[in-house]
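Letters A, B, C and D mark the chains in the order given here, with residues in each chain numbered from 1 onward.
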Amino acid sequence: MSTPSIRVVVSEDDFDLGTEAAALEAGPDTGAVVTFTGRVRDVADGLRHMQIEHYPGMTDAALTDIAQQAIARWPLSGVTVIHRYGKLRPGDRIMMVATASRHRDAAFESAAFLMDYLKSRAPFWKKEVTNQGEGWVASCDSDEAALDRWGKP
Amino acid sequence: MSTPSIRVVVSEDDFDLGTEAAALEAGPDTGAVVTFTGRVRDVADGLRHMQIEHYPGMTDAALTDIAQQAIARWPLSGVTVIHRYGKLRPGDRIMMVATASRHRDAAFESAAFLMDYLKSRAPFWKKEVTNQGEGWVASCDSDEAALDRWGKP
Amino acid sequence: MKLQVLYFAWLRERIGLGREDVITEAATVADLIAELRAREDRYDLAFSDMTAVRCAVDQMLMPLDTSLVGAREVAFFPPMTGG
Amino acid sequence: MKLQVLYFAWLRERIGLGREDVITEAATVADLIAELRAREDRYDLAFSDMTAVRCAVDQMLMPLDTSLVGAREVAFFPPMTGG
């Protein structure tokens, strides 16, 4: 297998899932592509928008590191991680990960791994602005616990 | 949560992953969309093409049944299952599944479930035509074993 | 009774046809297979390794001891290889 | 030594700035936090619940007892909520 590709994008702009997946499909040895797309949900008290802050100096390196960990664990031909920041409205896409492999299990597991690590190890913070005011989204204990199944850290 | 959508397509034609995923993203309560795309890989002795046969009277019902099982198990807002048949060449897309949910775990697990059931319970058969001749793809014991983690049948 | 019997993948190729009408009094799928195997070598060969044969009765996957009472369509095929 | 100190999310809001230069002889991140808390109430408040504070030293996630020898940039923020 040739060297796996890593594509990391941190941007205010939207992305195109079809284009990203098609790029990962290229190459004769990719049989399976798994994608995860996260999207701004509406909340009970009416979400006006979500503000996503990040740590510019650290974000690219943190996402690349997570992608490299996935490549070290599974036989992947490519990994893509895209995360937006700035002002996002209900229905907007927030982020995506995608993995390509010969085998479906490797593609599924590595995509779930990327998501679990991205939730708790990539420097993004979400603030919700609703009709009732604004507040930072709290981290979930379950997100930290999700890392246990991969043996941390 | 409103009634989950089920979309099942059995066709000779290619599909567009981006369009399919975007359709599943619609609705205020979808936070996560997971897609799996399967693609014709090249094989060691040179694949000319793959011929996929199916059981027309049964295929739609079998795929719909598998989608309904997923909806019964996970809180999903939508499920899409697309499978092609006929003559496919290396690099062509064979099939996709996609699931939409509020939560990432439900989307990941149900997509993996759909794939496992589709592999062993949907009436498709693959024949590989190589430079050395042609042969039917054998089923894998590991595919049948994969169903055990969902408690069968 | 008259059954429509379908064959897929290498079962279709070995038997040499994709579907046929069969007049039979077979009580179960297994009985039907026994009748077919007694007919001609190509059927006998196609069904010689039953671990590699699956069946559907009226388009539902069923075990081989399934009753044919009320059945209209029986299909035989190898383990599925979709996905 | 001179450190660039960064604050994100509600730490940034409580302290009222996103980055500042700090002249300090603190040996560890925890020492630096103690110095900051002694300065003004807004720092003291921001760091009052340390279970909710994470830190990065030179853009790598680090525990609070990390040495500051050779460090140039220290960032404080709540648990991450990406994805």
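Keep this in mind: a contact is a pair of C-beta atoms (placed from the backbone, for glycine too) under 8 Å apart; a residue touches a chain by one contact, two chains touch by 3 or more.
Not measured: the values here are computed from a predicted model.
A.B. asks: Going only through chains that touch each other, what is the minimum step count from chain A to chain C?
C.D. replies: Minimum step count, chain A to chain C: 2.
A.B. asks: Using mean C-alpha positions as chain centres, tell me how far chain A is from chain B in Å, no decimals.
C.D. replies: Chain centres of chain A and chain B, defined by C-alpha means, are spaced 23 Å apart.
A.B. asks: Calculate how many whole Å lie between the centre of chain B and the centre of chain C, each centre taken as the average of the chain's C-alpha atoms.
C.D. replies: Centre-to-centre distance between chain B and chain C: 26 Å.
A.B. asks: Can you give the whole-Å distance between the Cα centres of chain B and chain D?
C.D. replies: Whole-Å distance between the two chain centres: 48.
A.B. asks: Please compute the C-alpha centroid of chain C, do the same for chain D, then give the distance between them in whole Å.
C.D. replies: 72
A.B. asks: Taking each residue of chain D in turn, which ones touch at least two of the other chains?
C.D. replies: 83
A.B. asks: Multi-chain contacts in chain A: which residues touch at least two other chains?
C.D. replies: Within chain A, residues 38, 104, 115 contact more than one other chain.
A.B. asks: Sort out which chains touch which and give me every pair.
C.D. replies: A-B, A-D, B-C
A.B. asks: Residue numbers of chain A touching chain B in their complex, please.
C.D. replies: Checking each residue of chain A against chain B gives 16-19, 21-22, 25, 28-42, 90-91, 93, 102, 104, 107-108, 111-112, 115.
A.B. asks: Note which residues of chain C are touching chain B in the complex, please.
C.D. replies: Listed in rising order, the residues of chain C that touch chain B are 6, 8-10, 12, 56, 59-61, 73, 75, 77-83.
A.B. asks: Please give the residue numbers of chain B that touch chain C in the complex, ascending.
C.D. replies: Going by the criterion above, the answer is residues 38, 53-55, 57-58, 61-62, 83, 94-95, 115, 118-127, 136-139, 144.
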